[in-house]
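Pasting a structure here, questions to come.
All chains are identified by letter, namely A, B, C, D, E, F, G and H, in their written order; residue positions are counted from 1 within each chain.
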Amino acid sequence: MNLIVYLAGEIHSSWRDEIKEKAKALNLPLSFVGPMEDHSRSDSIGEEVLGVQPSPLYKDHTASCINNFRTQVLMNKADIVIALFGEKYKQWNTAMDASAALTLNKPLIIIRPDSLIHPLKELSTKANVTVDTVDQAMKVLTYVFE
Amino acid sequence: MNLIVYLAGEIHSSWRDEIKEKAKALNLPLSFVGPMEDHSRSDSIGEEVLGVQPSPLYKDHTASCINNFRTQVLMNKADIVIALFGEKYKQWNTAMDASAALTLNKPLIIIRPDSLIHPLKELSTKANVTVDTVDQAMKVLTYVFE
Amino acid sequence: MNLIVYLAGEIHSSWRDEIKEKAKALNLPLSFVGPMEDHSRSDSIGEEVLGVQPSPLYKDHTASCINNFRTQVLMNKADIVIALFGEKYKQWNTAMDASAALTLNKPLIIIRPDSLIHPLKELSTKANVTVDTVDQAMKVLTYVFE
Amino acid sequence: MNLIVYLAGEIHSSWRDEIKEKAKALNLPLSFVGPMEDHSRSDSIGEEVLGVQPSPLYKDHTASCINNFRTQVLMNKADIVIALFGEKYKQWNTAMDASAALTLNKPLIIIRPDSLIHPLKELSTKANVTVDTVDQAMKVLTYVFE
Amino acid sequence: MNLIVYLAGEIHSSWRDEIKEKAKALNLPLSFVGPMEDHSRSDSIGEEVLGVQPSPLYKDHTASCINNFRTQVLMNKADIVIALFGEKYKQWNTAMDASAALTLNKPLIIIRPDSLIHPLKELSTKANVTVDTVDQAMKVLTYVFE
Amino acid sequence: MNLIVYLAGEIHSSWRDEIKEKAKALNLPLSFVGPMEDHSRSDSIGEEVLGVQPSPLYKDHTASCINNFRTQVLMNKADIVIALFGEKYKQWNTAMDASAALTLNKPLIIIRPDSLIHPLKELSTKANVTVDTVDQAMKVLTYVFE
Amino acid sequence: MNLIVYLAGEIHSSWRDEIKEKAKALNLPLSFVGPMEDHSRSDSIGEEVLGVQPSPLYKDHTASCINNFRTQVLMNKADIVIALFGEKYKQWNTAMDASAALTLNKPLIIIRPDSLIHPLKELSTKANVTVDTVDQAMKVLTYVFE
Amino acid sequence: MNLIVYLAGEIHSSWRDEIKEKAKALNLPLSFVGPMEDHSRSDSIGEEVLGVQPSPLYKDHTASCINNFRTQVLMNKADIVIALFGEKYKQWNTAMDASAALTLNKPLIIIRPDSLIHPLKELSTKANVTVDTVDQAMKVLTYVFE
């Protein structure tokens, strides 16, 4: 039984690679999907597909149409969602994805540093599990197959 | 046909009163519900109900249990959700509520200042309507009844 | 037991008034809702709320955001949907509303002239009932309460 | 992870072949399904199965029963729906399929020429992404796997 | 808290009147809805609305479109469904309504004579409660309010 | 893309074998599931598993528990449901299965002889397609893959 | 906005009366529903309706059919579920009702003594809020309306 | 067609091994999943992942977060749920899992000794099938494939 894990959240560190390598080392039957990790490409994909837009607002709008399309396609296939919040940026799309996962009955792990405990409290409480580190999330994933 | 509107988001300005007064002045058949607006009470409700907790993490956890309970009860009754994002704070619970509303097929209006266009782009695109001001949101609400 | 009827479709004739008057004359316990019937207002509502847009595409986009918001709010409340197709225009939003109603398990009556039998055949077949005239639709509504 | 794409819409040009070839050239892990593309067969399938019907109305009715059966079977399996609107015909079954896809939480791309921007505006706004050309749609599909 | 009860099934005896009178005598806060009880009207409603049909098959088809419309409108409003099976007729529409109610999570009581225990066994087992008489069904309804 | 077809209905003729053989001859990518076809085993499975029951009612009850379990397991996996009604027996479990399939959004073909047109009219109208013979149903299945 | 609260659980103490009185004293706009509180009646309702059963197993079976009917009718109407676990009895129907409420997206408060923390841990964690006393539950209910 | 069976319930006997071996001996196309069967590990997994907690309550809370995550992941994949109740312990998580399975439309078999007939009566009645022994459950599983 192979499971698909959607890795939502921060795209400015290599946490996804870390998870993939550890899952491989542990021989966990997991496949990973997630958002576009190249930030500038994620911002410009709308204009890349649809041409130059008349304002930054509509540049953002067209980009997010396509980013949301990608997320919806891949999250619909996911059995598990992991959302990592970092210390920078607003990360509202991460919160949006995490909340959508919960509402769709997809099991959710949140990873966040201690400094975010308070602002993330409502979402953490709704998640199945909230941890501080990627290693802790790996322990939770491993536990599913023990 | 009376409609119930859940007013998610910022609790540090009087935007909810503004909406309620304008709806009243316009005779719109709307009732409004929303989160606890007293910030410190919202942070301490867990300990108020369950007693002192052994750490700030668990103080936050118990508070958010009860805040999420309130939100779920009231949002389940809502026909419309309006989420206002301000310039301060992480506001991840607002993003969580907005995304849950969308996934539950509840029509959503987002209000946010221009400065937040870029970080909110994915959520704005998923919302039915995104506007800049309370007055614009009132025009959208009014349009439903014209 | 009062029922709410969403009247989707053509906004260039007075068929909604005809239905409302006949329902009143027959004392049927029905309330009626529907889209904005002033065509130019429906086209301009986006710019009215959000200001002048940089292109006709985005004028249309903002208008349809708000029209879709209105439709979703009111159709969520509806117990019955009636969709009337006229001979002019593409009327894809009418087809969209009719199909959404069916997928949401809302009973649907389609009214269309004989000339549209062939192009509407797949949607007619999915609808609960397809009739040719407003009077026939009234007979169906009346039958619910006999 | 192979994904299934339902190609709704126009059956009078070779756009489906174009998409299939390009997906193959790009090695995208996609399978494609869609409606009967032989127009006259699609119109006569009802009588082919059930025998001559007593009127054109019932010829159409039996054909659309079987066309809708095919669509429902295949769309239920689809992870993505692409709907192409051409300049001719009413194409209400395309609008019906697109709207059903959206209501069933299936990600939707609409392809339409500029001339249809205005009449398609409400449906375009509900779709995840609306583009002008098959090539643009291919870029969106490709982006999911980057 | 008033509850709505859909009374599916046999239309050749006065069991609905019996239930309504007993509910009134017991002051139970119940409203009752159900199918057209005039059998010949139920058979001819299609032609009454749409005119003479070209064959008995299509006379039946148009009638059942409108009967199904009525059932869906009223059952969607129902909190409870009671289905009574008599000894005559195939009563497949009663079985259809009972099964739809179960699938829609509507609590179901079946009333049937002893002679039907065996052929109704799968449906009886899926129902919440199966009883032999109207009086027994009344006891079950009464129990909800004790 | 292999599809699973649940064959509901009559267990006193060899129609299932006929369908399976024809599907094989036509190379259709279909797998078939269905109810227990040995009638006496289907009636006695309850006592076989749980021992002799104190009355025919409870013999039937335990058998139908297990028959319903089988049906629910297999129908949940099905992409298509075909229900065949014969001229004998009440066949209420067939009507129950057909109606459950419809409510669960599973495409449904009904096969029934002309003599059953009238009593099956409401269920036939709700089904996607109603045909008279196994061969006609095969044509509909074949059409999905053309 | 009046809310309906289903009070699941223990029927051997007067906790329901306590909640109702306190809600009344606090003027909370709440209506309360719940299971049959007369234990012996709840055990005998099956035989009361259907006559003497052939074994204790079937006495229990018929009683629980009717108890489950009552629960489903009333819980479907509930906006909030409160489940109280006492120290005696298995109370599996309480756990069943609490879990069904959660799966149906109904907000849930669990009340349980300290001695049950460990055996109830999985269910407590799934509930929105778990408290020790009726008074604490009242504080949570009150908070919804502040 | 391989089916996945979630084995909920008692972790103090070897009933899962018994089922797995018998399924293998019978060549049933079944895969089995279930909860952590090492009781002490199931109790300590929270602290193992998240470190020592400040109280037994929170040790239990963190453990059950991760146990519930595992259950939700695996039960979402399951086609069938079997829940075994033993004579010891409260087993409320078993009742919770069984009830969640039912609400999610997953077919459920309960295994319980005669001594638990009365306290389990409401849940047994909701289950598809309730049996006394593992062997009886095996007969039910086997019946699906006959």
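What we mean here is this: contacts are C-beta pairs under 8 Å (C-beta built on N, C-alpha and C of every residue); 3 or more make two chains touch, one makes a residue touch a chain.
Chain identities (UniProt): A, B, C, D, E, F, G, H = YtoQ family protein.
Everything numeric here is computed off the predicted structure, so don't read it as measured data.
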{"item": "Chains contacting each of subunit A (YtoQ family protein) and subunit E (YtoQ family protein), listed by label", "value": "C, D"}
{"item": "Centroid spacing, where centroids are CA-atom means, of subunit A (YtoQ family protein) and subunit F (YtoQ family protein) in whole angstrom", "value": "43"}
{"item": "CA centroid of subunit E (YtoQ family protein) to CA centroid of subunit F (YtoQ family protein), Å", "value": "23"}
{"item": "Whole-Å gap separating subunit B (YtoQ family protein) and subunit G (YtoQ family protein), where each centre is the average of the chain's CA atoms", "value": "30"}
{"item": "Residues of subunit H (YtoQ family protein) touching at least two other chains", "value": "65, 68"}
{"item": "Pairwise chain contacts, counting only pairs that touch as defined", "value": "A-B, A-C, A-D, A-H, B-C, B-G, B-H, C-D, C-E, D-E, D-F, E-F, E-G, F-G, F-H, G-H"}
{"item": "Subunit F (YtoQ family protein) residues touching subunit D (YtoQ family protein) - in the complex, by the definition given at the top", "value": "1, 3, 79-80, 105-107, 109, 128-129, 131-132, 136, 139-140, 143-144, 146"}
{"item": "Subunit C (YtoQ family protein)-touching residues of subunit A (YtoQ family protein), taken from the complex the two chains share", "value": "54-55, 58"}
{"item": "Complex contact set, residues of subunit H (YtoQ family protein) against subunit G (YtoQ family protein)", "value": "56-57, 60-61, 63-65, 67-68, 71, 85, 89-93, 95-100, 102-104, 116-126"}
{"item": "Of subunit E (YtoQ family protein), residues touching subunit C (YtoQ family protein) in the complex", "value": "4, 31, 33, 36, 41, 45, 48-50, 65-66, 68-70, 72-74, 76-77"}
